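Reviewing the structure listed below.
For reference, chains read A, B, C, D, E, F, G and H in written order, and residue numbers begin at 1 within each chain.
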Amino acid sequence: MRVEELRALLEEVRDGRVDTAKAHERLTSAFREQPFEDLGFAKVDHHREIRQGFPEVILGLGKSPAQVAAIAAEIVSRKHSLLVTRADEPAWIAVREQVPNAEYHALARCITLRGESTPGKGTIVLCSAGTSDQPVAEEAAVTAELLGNTVDRIYDVGVAGIHRVLSQRARLSAARVVIVVAGMEGALPSVVAGMVAVPVIAVPTSIGYGASFGGVAALLGMLNSCANGVSVVNIDNGYGAGCIASMINHL
Amino acid sequence: MRVEELRALLEEVRDGRVDTAKAHERLTSAFREQPFEDLGFAKVDHHREIRQGFPEVILGLGKSPAQVAAIAAEIVSRKHSLLVTRADEPAWIAVREQVPNAEYHALARCITLRGESTPGKGTIVLCSAGTSDQPVAEEAAVTAELLGNTVDRIYDVGVAGIHRVLSQRARLSAARVVIVVAGMEGALPSVVAGMVAVPVIAVPTSIGYGASFGGVAALLGMLNSCANGVSVVNIDNGYGAGCIASMINHL
Amino acid sequence: MRVEELRALLEEVRDGRVDTAKAHERLTSAFREQPFEDLGFAKVDHHREIRQGFPEVILGLGKSPAQVAAIAAEIVSRKHSLLVTRADEPAWIAVREQVPNAEYHALARCITLRGESTPGKGTIVLCSAGTSDQPVAEEAAVTAELLGNTVDRIYDVGVAGIHRVLSQRARLSAARVVIVVAGMEGALPSVVAGMVAVPVIAVPTSIGYGASFGGVAALLGMLNSCANGVSVVNIDNGYGAGCIASMINHL
Amino acid sequence: MRVEELRALLEEVRDGRVDTAKAHERLTSAFREQPFEDLGFAKVDHHREIRQGFPEVILGLGKSPAQVAAIAAEIVSRKHSLLVTRADEPAWIAVREQVPNAEYHALARCITLRGESTPGKGTIVLCSAGTSDQPVAEEAAVTAELLGNTVDRIYDVGVAGIHRVLSQRARLSAARVVIVVAGMEGALPSVVAGMVAVPVIAVPTSIGYGASFGGVAALLGMLNSCANGVSVVNIDNGYGAGCIASMINHL
Amino acid sequence: MRVEELRALLEEVRDGRVDTAKAHERLTSAFREQPFEDLGFAKVDHHREIRQGFPEVILGLGKSPAQVAAIAAEIVSRKHSLLVTRADEPAWIAVREQVPNAEYHALARCITLRGESTPGKGTIVLCSAGTSDQPVAEEAAVTAELLGNTVDRIYDVGVAGIHRVLSQRARLSAARVVIVVAGMEGALPSVVAGMVAVPVIAVPTSIGYGASFGGVAALLGMLNSCANGVSVVNIDNGYGAGCIASMINHL
Amino acid sequence: MRVEELRALLEEVRDGRVDTAKAHERLTSAFREQPFEDLGFAKVDHHREIRQGFPEVILGLGKSPAQVAAIAAEIVSRKHSLLVTRADEPAWIAVREQVPNAEYHALARCITLRGESTPGKGTIVLCSAGTSDQPVAEEAAVTAELLGNTVDRIYDVGVAGIHRVLSQRARLSAARVVIVVAGMEGALPSVVAGMVAVPVIAVPTSIGYGASFGGVAALLGMLNSCANGVSVVNIDNGYGAGCIASMINHL
Amino acid sequence: MRVEELRALLEEVRDGRVDTAKAHERLTSAFREQPFEDLGFAKVDHHREIRQGFPEVILGLGKSPAQVAAIAAEIVSRKHSLLVTRADEPAWIAVREQVPNAEYHALARCITLRGESTPGKGTIVLCSAGTSDQPVAEEAAVTAELLGNTVDRIYDVGVAGIHRVLSQRARLSAARVVIVVAGMEGALPSVVAGMVAVPVIAVPTSIGYGASFGGVAALLGMLNSCANGVSVVNIDNGYGAGCIASMINHL
Amino acid sequence: MRVEELRALLEEVRDGRVDTAKAHERLTSAFREQPFEDLGFAKVDHHREIRQGFPEVILGLGKSPAQVAAIAAEIVSRKHSLLVTRADEPAWIAVREQVPNAEYHALARCITLRGESTPGKGTIVLCSAGTSDQPVAEEAAVTAELLGNTVDRIYDVGVAGIHRVLSQRARLSAARVVIVVAGMEGALPSVVAGMVAVPVIAVPTSIGYGASFGGVAALLGMLNSCANGVSVVNIDNGYGAGCIASMINHL
């Protein structure tokens, strides 16, 4: 209930057009109103686009293909953009039947259906350290592009051959915000952040073995970065990085 | 050596005003030139303000008062803003002698001397969950203010009494970027991020006991946030959060 | 041997109806008596219902289908309620042959056969944060229902969209005890506990990825809750939560 | 604003005794009203007693003596019971000046001033494993007593001499809820929970050395308890256990 | 080279029956002699039975069936007892062809061929906490029996029903050494050690879920045992426990 | 109540010398009888010597000097041997007043008063890896000697100079049981266990820095020992090792 | 651009043979020049052989067979030696088609094609503790041999039978650098480093179970080695050790 | 006993100049001879210089000043070089009395007395990332210099200002071996190793806060380095790095 509705209701009460019992009921009901659709196993949040600038997103992990497809159908029915992350083949098959014009990004493991989106103000530069970090990087890219951003991908520029990233200084300087994806020792964000004057979103990946501990080494490296401007998201959370970068790029 | 200097030099060579030996020496020397002052134990980075939009900052932790004061004097001599973080009483005494008009923020454990700074475009809202999180929150605030930002502090609004943060909806909505500081379970960033449409920088603190493990519980809570727009910095890293928020607020 | 039996025995000895050797033997044997059935690989505890208010429960994890079925048959032969948790398909097939009228709850991975049970005094409200937490939540629900409780399920009300849980205030207020199931950052129990005046049993789930570390992030979040009334059980331990909630609801 | 106030207001509007502008203002203001006192560094929650059955409690850890005393004075000014936990000597001295009739429990490290409280329905039995666990146990006892409960203390009954706890069967059976405090291997809650039919709140302590890891061994032992009815709070969190036990004892 | 051989050699040199070059060569060669058979990928230690009282044992984990079979054949060729632990079906098939009269213990995952062994002096009592701990317990039992010991198995006597282990006091008292196998919270060794006056070898198992962390909770519980006489071996190391118990039982 | 007392009582009942009410009372009381002295904050276990072959031992850690002295006095009053471990200077001063003929072992941080003890059957050999491991080694030695054992100390024989431990082969061979104390990488028990045919009790110490993690590296090294016969106690638990070694040496 | 090229260019400008625009362009382009081939998903580093003495190596882990084969083909096209580590069967099949004369080392999981290499100055001795450590040891051996070194393999000489490694003193003394591969407690490097005067590269392996934590126990053991000359690489990183040993052996 | 002594002895036996009893005794005694001095609490290893190329070094940590001084005196009495690491002020005072011409390096916390040493073949370059890493770096430098090496220090060249380390390319290229000391994210060794063709010894330091976990973040970063040639020593182990670098520099 917006302020105008409240004022109108009170005037109707004053004028006797609405009795107090009815007004009481409408006010009470307004407090109870749910800004979401309840599917039983899930409450689809239709106001999120208004509140946060982008629609509810489906994390495929731990949901059955049928659940993913049902939530996807509900979202699309409201004309929202659709994004399913961590979507495996069976989830894609289930969604495709409900949302025939959806698209599957196999490397990024994402399902999308692009609705309208406000274009971002600048370019998001996306760096990754190694070839194996690509799935996570692509999840970030697909997310950012769906939300209306231009993404410039700079892949395989890990710090062990420092000239590779140094040679990209021009493209980096053109960024309004940078996403850096890296596994193993996770040192790339520190180097990149020292080269630019814009925020760097660091994404540790689970790429590595032994004492990489599934991405913990990279995560710790990024949290302890001695460079300015580095903030960090969860291991392998390409979606989160894409989403934050888009928020910044739309400010 | 800027592009213009290079062009000028080449023209001088062509015109015979500079011989090749001399030009060779100048080019070689340009490659070698260090954009920092070497104090032996420290290399003060005088180009950082140009590269990154703010000056070199001194982390007081692990440096002797004499070292802190020497670096501070070097920075101030170039008319840069001064910021020393994690500065205890002895460091402050040592700096005060070298930089008499510096200021000490005891709660934030920071020493500052404000130079010129470009004003940020909007307001940085700074929330903290509990009274004990204040030192870290103030480090973020002092940093952001030194860098030219307006900071709106909302303190002691932890999630256990959810009405406290809900009652601040209006101030939160006015933010261009939000910093959320919380120890213990670190749940506040998730709730705040669900209420705003701008980036949230989450700062875990070491406040807590037992299974808080010096801030690890809060850190993990924030990294695993299911809300959009949350990125995380190191435990107790108020400075880092203030710095990133300022970068975003100047975009 | 109850007090009355002891007194009777002593009177028989005094009256010469039982000689001392026999009495000695009976007393000694009473000390040795086992309140359980020994199946070799398992000792089924038939007195647990008397001691603790509910029967022995079978944790399916790490037992062969044949072992599960044999223990189940032994329990049912004594007219006790049957509950097998973490029961996969093969365990269900094996039990079904021994206990034809048993029931399988596929989502909750539980096998039950309902015996008599004392009704709980109030309602157990069961909240879960996300769709993927449902299997654990259902394990709690099946357990509590088997033990005679009414369960009110409120699913998918994670803190990232705080209005979802706030809109359930009325149902929460009606609870005599609340179970909150959440993975990832595990912040929901803190918020719920701030809204009610009854005990909250928090169940972390292994849902999440990266730095959720198989439920550790949620576990730590819950242990560090700054809200009153939150106690915690093991990761994914829906059964334990259902059982404690039932105990409290029967007080 | 309660339901009755809302109904009265609407009737006044209908009858013309209050005009719509005024009514609009009062309704809007009701939504804005803060159920807490803002001290700047802290927001004292005066409605918590209504919402949760006991007053706001001050965690002394990480607060200055002056801050503790100011919050204490504010709480006492509203005639609420006062409880400060983790209060060291300086905090006690500061509070004593503001609240002269407060009491200091040195072993429990608590400051209290007892207001009115509803008596609990039964007895809370409080067991501890070793002499060194007493400070944590006493924090739980002081909390529970302040909240109106009778506490029966059974100390130094660790499992290494199992006859010690077995000899307390009668007192344990008389409990409506049991708190078990233990460090080192934390095995006592499992044994106690097997002897009673009521909920057991387990409190791991940081007592131990080497691989006890500051209470982690005890915490893990308790979370993995194979006994029914055990839920766990944070390491050394005597207050939390006392509070939950009181909630249960007042149902 | 034994002392007697050395003396004889020196006398031969003195008497001129052996020249110094020859003697020098024999002494040098004695220093170089290898008390093991080199299979290239493995050095089978044939002197271990002399040095340590039992033969070289094969840990099946991480070896190919062919490697296991080759080492087994080499051991059996010297008339030593054979023990392969962590032997899966393929290893058993490979060994059976090389050592036709070997025996497979499927539950214990061991292959044995019993040679001569000195009988132990007393009884080894072997307790386990739950049905799922049996494979590890059986590995201990098979090992101890192969080494000449009598083993008394007491299974499924976890501390949650403390009367189960208390009812076994007589059998426990008859032990010369006790092995206790337990997963989850690992509390059984503490209770058993409080009931006997002989050494207790505690074996944590990986049985459990969530915060059992693959046996870490049980391991920590056992290391922190406040009972006397408890020492601990690696998680799931039934073999190690059986071997130590046998050493003690042969003293 | 022993078996003979029970038989006598029953005969008295039969003969009418004791009436059934009296007999009933005596039997009931026997069940209730506590084999410990209750000091309020501690229950001193006077039957432990009978049950386990050595008296109750006081862990000084976390107890006040007054508590330590009171328990010590109680133990000595029953003519038991006294052992206080982790006893600092203030504890020693407090005990000395209550137990004037007690002895303080400063390096081992132990207080003892030697009562009667049965001599062990053989020698306990005690090896330590480095000079800094001595306090823990001495705690083991003092414990074992108090319990009637002969201890042969072999100190500073770490594996980095392998000839040092190899040169002690004769003394090692004379052991009935070996205790090995080592910090840092904790490799000494593996080497020693390969040289002897008797049980090895391994004690990790907290000596080291960096990735020794307060003894965790040594603990893990010992738990993973590939040598036969090694069992492990808690980090720095010299007392525990001395006690187990004594148990074995008295078999 | 080398120093000679720069000098030549400047002379051409002076002499008017090259105009300043052209010279400017060439200098600028020299700064931009990439010493790598960009395959889109990977940047193959063709200058690494010049910079570091050996060619770019492909870590097979996390790359698709097609990606591995494409990078391999690119490397071979430049006449560089080829090394793919962590190469499974499908990767081998894919590479074999692109590089027909490549070789597959199944045990070491490596693909190689040997180009020219400078012979190392001495011998690399490679020790492993157990049979199961062989795959990692072979990865080190294959790497070192490809880089021109002679490798002397000493396998299965774990410390539990210390005479096995002691008997290899002569071969160890002949080493210019030693690689020691060990899982479980990881004690072998300490012993070996005490026997030689050359650097020891320690490689922990993930061989073990329970508290070996996938190689962490071995890693910590090696990092805490009290012997001189031990440095450590990542768990299972045979390649890294081979590469470092070759660097040292070519000095 | 050397080969020549053995041959001489045998010839004397043959010639009757030494009888067999005497020869037997001498041979036996040679086996028993200890190549170390036993101070009771320490065995000073006088043959280490022969075996390993440098003398026994004293780790001051955990030793009393008196113990340090006694071992120092013993070492100096044999004309060996003296090195005490982790030496605090009291240790220095105690040593100074025994070894008047010793020298104290306060920043490096080392005591030295330089004996003869063979000069290393090249230069050891020593880089550190930050000012606070200096004490560890200096420990490495003092060690390497004592062992006869030339050390070129490059301090405060952390990766956040990548131009600082890039500007040192010439000095780095002149190294025969490089030591890199870094705390926080520990990224510097990866960058440096990509710039040189010689071995890099990486030393993580405990400098940092929060999620640096006392150097663990840096340690993991270094172990996971994707650059070739990096091996790692324990956190803060400057001595170890200096020692290995010296070994390599003397090959």
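Simple rule for what comes next: a residue touches a chain if its C-beta (ideal position, glycine included) is under 8 Å from a C-beta of that chain, and two chains touch if they have at least 3 such contacts.
Computed from a prediction, not measured in an experiment: that's the story for all the values here.
Set against the Cα centre of chain D, the chain with the most distant centre is G. Averaged Cα coordinates give chain A a centre that lies 59 Å from the centre of chain F.
Spacing of chain B relative to chain D, judged by their CA centroids, is 39 angstrom.
Distance from the chain A centre to the chain E centre is 54 Å, each centre being the mean of its Cα atoms. Residue positions of chain E with contacts to 2 or more other chains are 130, 161, 194-195, 210-212, 216, 219, 223-224, 228, 234-235.
Contact between chains, as defined at the top, is found for A-B, A-C, A-D, A-G, A-H, B-C, B-D, B-G, B-H, C-D, C-E, C-F, D-E, D-F, E-F, E-G, E-H, F-G, F-H, G-H. By the touch rule above, chain G contacts chain F in their complex via residues 129-130, 158-162, 166, 184-187, 190-191, 193-195, 208, 210-213, 216-218, 220-228. Within the complex formed with chain A, the chain B residues making contact are 51-54, 57, 176-177, 194-199, 201, 219, 223-224, 228-235, 240-241, 243-244, 247-248, 251.
Contact residues of chain E toward chain C in the complex are 130-132, 134, 155-157, 161, 163-164, 167, 207, 209-212. Taken in their complex, chain H has these residues touching chain E: 6-7, 10-11, 13-14, 16, 19-20, 23-24, 27. By the touch criterion stated above, chain H contacts chain F in their complex at residues 32, 34-36, 40-43, 45, 47-48, 59, 61-63, 67, 71, 86, 204, 206, 214-216, 219, 234-237.
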